[in-house]
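Down below are the structures I want you to see.
Next come two complexes built around chain A: one with chain B, the other with chain C.
Right, the complex of A and B next:
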């Protein structure tokens, strides 16, 4: 009877605004079905493929050529993969996931060129879709790019590794895809509810992935530790969001930004909410002193998952930090800029200091990722368009450098069957020069040596910090970089300057691993010497839905 | 009058049971106090005319979640109350943190929301003159919907909040996958892993591609391969690290 009272309008769904996420979501569900189907995989693949082709043809008839083509290609590819790998369903899963992520990347670029920047030159248009749940702007574009590229690198990188450790399961790719979708959705989320749910989608997937090697105590510990600390951080974050809602009466970030400046808004409630939100997000991107979970989790999780967590989680976490502080809380600038600056300073110094005294390379890279969270925060506290594009660009370069570094570690770890220490690196430059070169290159990039991607990223972040008058923070950043360069260069030095000790097997580089580390190495160099294309993209993308 | 009375009854119940939750030494008693606390909060929702939320609170928290809670407590064993003792320093830190939060929240809420100049206070001119979210009663929010906000909630869920609602479906999917993986006693090897990888014979046709199986099986140096086989043969290897 109350249906008659209020005619419920069907909500307007702008499919194009989240088209890139649709592909991996569908792929994850289909791959799950394939895993369940067992020997009758074709019974799943054929109808799904047919439906995708039909959808693609329909899209092409309504002039959406590129999305249509993606749907057709994926629809044809699915049964083709099932036919091509009749005895290795895990390869079907890996290829399927990889193709879906490639499709998501294509759709991201399509969205940018067709919807957001149709004129080509000048700043991109921003799009506010789905009644304000989604904002397609620069943060969304770059988060999608970073997250999808990282996932695309991680899938082939880890395939052989997971199988060799005998922890491969068919749920791996679907979970990774769903985590990716959660991160991309976090990059686009424009209200507090969407932010929280997207955050939970990817952290929940990562809890499971971190504890993936169930027979390994360290992996189990990593999963549990990550779950407990991250769940508490989520609760704190949610509490903060609730207080912000109490203060402003809205969950829309742009509306919060408008309301918080009004005299009628109780600023103290909003400030407490802001403080709790800061604690929550600082946990997620592991800013010191909220970083304590990071080294243990990164060390215990299977290495390919650590690579994904280190690279992609940072991108998604900083996307939400940028959006919260620049869109929702610009009027409380006097409160959060000093706090985040101090957190960034502590993070940079503490992370670099602790990285020096570590022995396990995975722990070194974990502390290195903490340090990098500090650098990226400089771009946030700069609170400017330059700072925004600098942070987005920095996260992209960091993600690629980190993926390359962990990829090289995977090859070493497979030989060693355990943790990788400096002793394992000695003389690697002579034994496996290509692998050593990739590892050294990624270290140089993470250290920020010129002609690598990391240098351009650091330069832009520091410049944005100085422009914003935060010279003291940039000085601390430079000091921290010098300290950090010590352990990055030490890794490179040990590989090339010291003699190998003892008898060891060769590092095991599978095809997928060698392809991905080569691609990341090429990207590191390309973005280092030819950054203009992506720099333009980043500065065009410094547009926010406010 | 009835509203004020029920408010005070439920408020005292909620506060008292919350204190009891942290003060009780027996964990089952603490859990039962938590049930009382959740029911009292459901009562507070009722005094706010939020009938739907109140019922959901009883069903979801006092019902489902607390049952789960007690289940876990019983599974772990209720006799061992030594697990509840904490270091006095930690207790001091926790009390200090909670007190700080309480003071901050009281200062933030009691002043602005109860003074006559507040948005919802007696000084309605401030409220009327601003474009801020107006301070309106629930009756006005619900409109003609007399169902305790059910229709309003449904409209919001399937209108304004369609996207997060659908995203929540993904969240549940992930949680289900995770539960299945964690609940499985042994890791099932994927079916294509069994024969080829162990004896190092010819890999299946067409296995080259993304991480190729051939290199995985053939590149193992003898020591590793032996260790690997040994581990797989050892069926009780569940508790060991696999590498």
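Right, the complex of A and C next:
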């Protein structure tokens, strides 16, 4: 046999480079099986748990103590959860998913300390793995942190909500986990093919999740609208990628960065590819004028899904934007910086203007998320190390503030069982001071008021923009912030300054919701007052695999 | 660089000319004996049951299609792997095991959700 003798190289797999993603992926598969196992849940949980413990023990014997410990803990926890909640399988799912995400977060931090942490001062190290298709660097670290923290907040937040709306099905947690994995993988993807696959993994899951309340016409519309428009955007993006491949002959982002500036590269083909890619990614992070799907989808999707989409999708989308433009297209700077700057300017003004005239709070937050995409883009077009760390930091603070805001909305929506408008906020400061305080705090953070996390982020982004000479863009950003501050503060004002109208009962706050909302509120304040630890991390994170 | 693509162009022209030529020639010289059987729609030898455009068919076919996809993809990867199985060794066996296991989860899930029960 000729074929059998030709030596195919067995690839050297750097497991540490994607260890955090392995945990939620496995958990998604196991939870999917648990969901259909019925009474035979133990028949699934026991062998899987045993295998995980065995894997963990083996990892500890080869001195990988922390990953081993994670595997052992999760392996023990799975059968324990099945025993602990014999009558409520949904709790097994929620806890299992939460623990898996916590494990992923622990492994992310382990990865940082074991592989990436800088020795002394200076930027962190980078890891280039799997023949260059995965890059572990600052973007990857921050995307993982943001995405996993958001998912960890969203699961307890929506537990009671989904049950009250009677739309809980056991596939919810597996799909959420897969979406999370896709987003985290998008943060590490370093070639066009990995980028596209990661993108599809998370958008496919989100199509289903957006249409999760299928008896609700709004949700159905959200799912369908997101699917149709997003699929077209994916196709445009893919076409752009194909053209870039035609121009450069490689899918590897650093290699594209090296080739694309050469005289031999057909510049027009590369430029058309760049334009199509810009349309595709601008759609995914909803930069105006590619934002039209956002308000309808965010309004129609179940609120906990909206929270996840608004917070985490943004982080993943900007991760890929940063990597594409700063690694693959830096030499075409003269082409994309003006285009993205104009997009950012339109986005900031348009989002802030339309948010003012909305009545539904979910739509307001949707337009607010569009506006914030504009601010984050300032850090991208700055095209500098400062801009990179500013954007990464901005996305983290925005995600936490948004999660807190949507958490408060969930409590209001559960009381009213329908859309939440300003009338529901009237006098909330007297009825439920704690909830009103959290909502007000998240609004202040999104508006960028000092002593909240949002302020530091906005300051860094604007400073990076000015350093890059984009003063006009920063001026527009400040104007947009002032306009946006109006509707953020109006929400806070209505809650505390107006009288409640009629007897409506207290907002329904479950334990999971109050824990997650409190945690995100504490994070908003902590990152606002004591940002130094994460600021250092962000400025060290400005190291890319090139 | 365009010279390299010349054979492709020639092939495209020849293929188009051949296909068009065959149609034209058969329509010119072929005998025409129409009868009811020849004019009816061909459905695997069955009598046509209804107009295709107006017929609703059960959504369960979609599940069968999904099931087909699971095993189709599996085959697509299994064949090339089987050809070079020896040179990949234990590593390849483990990788394919993981792949089949993940597809197996999809299958077990569909089975468990009742996707294989017709009623």
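Everything that follows uses one rule, which is that the second predicted complex is superposed on the first by the 539 of 546 C-alpha atoms of A that agree within 3 Å, B and C clash if a C-alpha of one lies under 4 Å from a C-alpha of the other, contacts with A are read in each partner's own complex, and residues count from 1 in each chain.
Please note the rule applied: a residue touches a chain if its C-beta (ideal position, glycine included) is under 8 Å from a C-beta of that chain, and two chains touch if they have at least 3 such contacts.
What you see is a predicted model, and the numbers here were worked out from it, not measured in a lab.
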- Query: If chain A is used to align the two complexes, do chain B and chain C fit next to each other or clash?
  - Reply: clash
- Message: Looking at A:32, would you say it contacts chain B, chain C, both, or neither? Reply first, second, both or neither.
- Response: both
- Which partner does A:513 reach: the first (chain B), the second (chain C), both, or neither? first
- Counting touched residues of chain A, say whether chain B or chain C comes out ahead. B
- Report for A:88: first if it touches chain B alone, second if chain C alone, otherwise both or neither. first
- Message: From the superposed pair, tell me which chain A residues show up as contacts to chain B and also as contacts to chain C.
- Response: 5-6, 8, 29, 32, 38
- Message: List the residues on chain C that touch chain A in their complex, please.
- Response: 83-89, 91-92, 102, 105, 108-109, 111-113
- Note on the structure: The chain B residues in contact with chain A across the complex are 104-105, 107-109, 111-113, 118-119, 126-127, 130-133, 144-145, 147, 151, 154-155, 158-164, 167-168, 170-171, 173-175, 177-178, 180-182, 187-193, 197, 204-213, 215-216, 219-221, 223-224, 227-228, 231-232, 237-243
- chain B-facing residues of chain A, complex: 2, 5-6, 8-9, 11, 13, 18, 25, 29, 32, 38, 84-91, 94-95, 98, 130-134, 155-161, 163-171, 174-175, 178-179, 181-182, 185, 191, 193-194, 197-198, 200-201, 204-205, 207-208, 211, 213-218, 243, 248-250, 259, 262-266, 268-269, 271-272, 417-418, 505-506, 508-513, 515
- Task: Write out the stretch or stretches of chain A touching chain C in their complex.
- Result: 1, 3-8, 10, 29, 32-33, 35-38
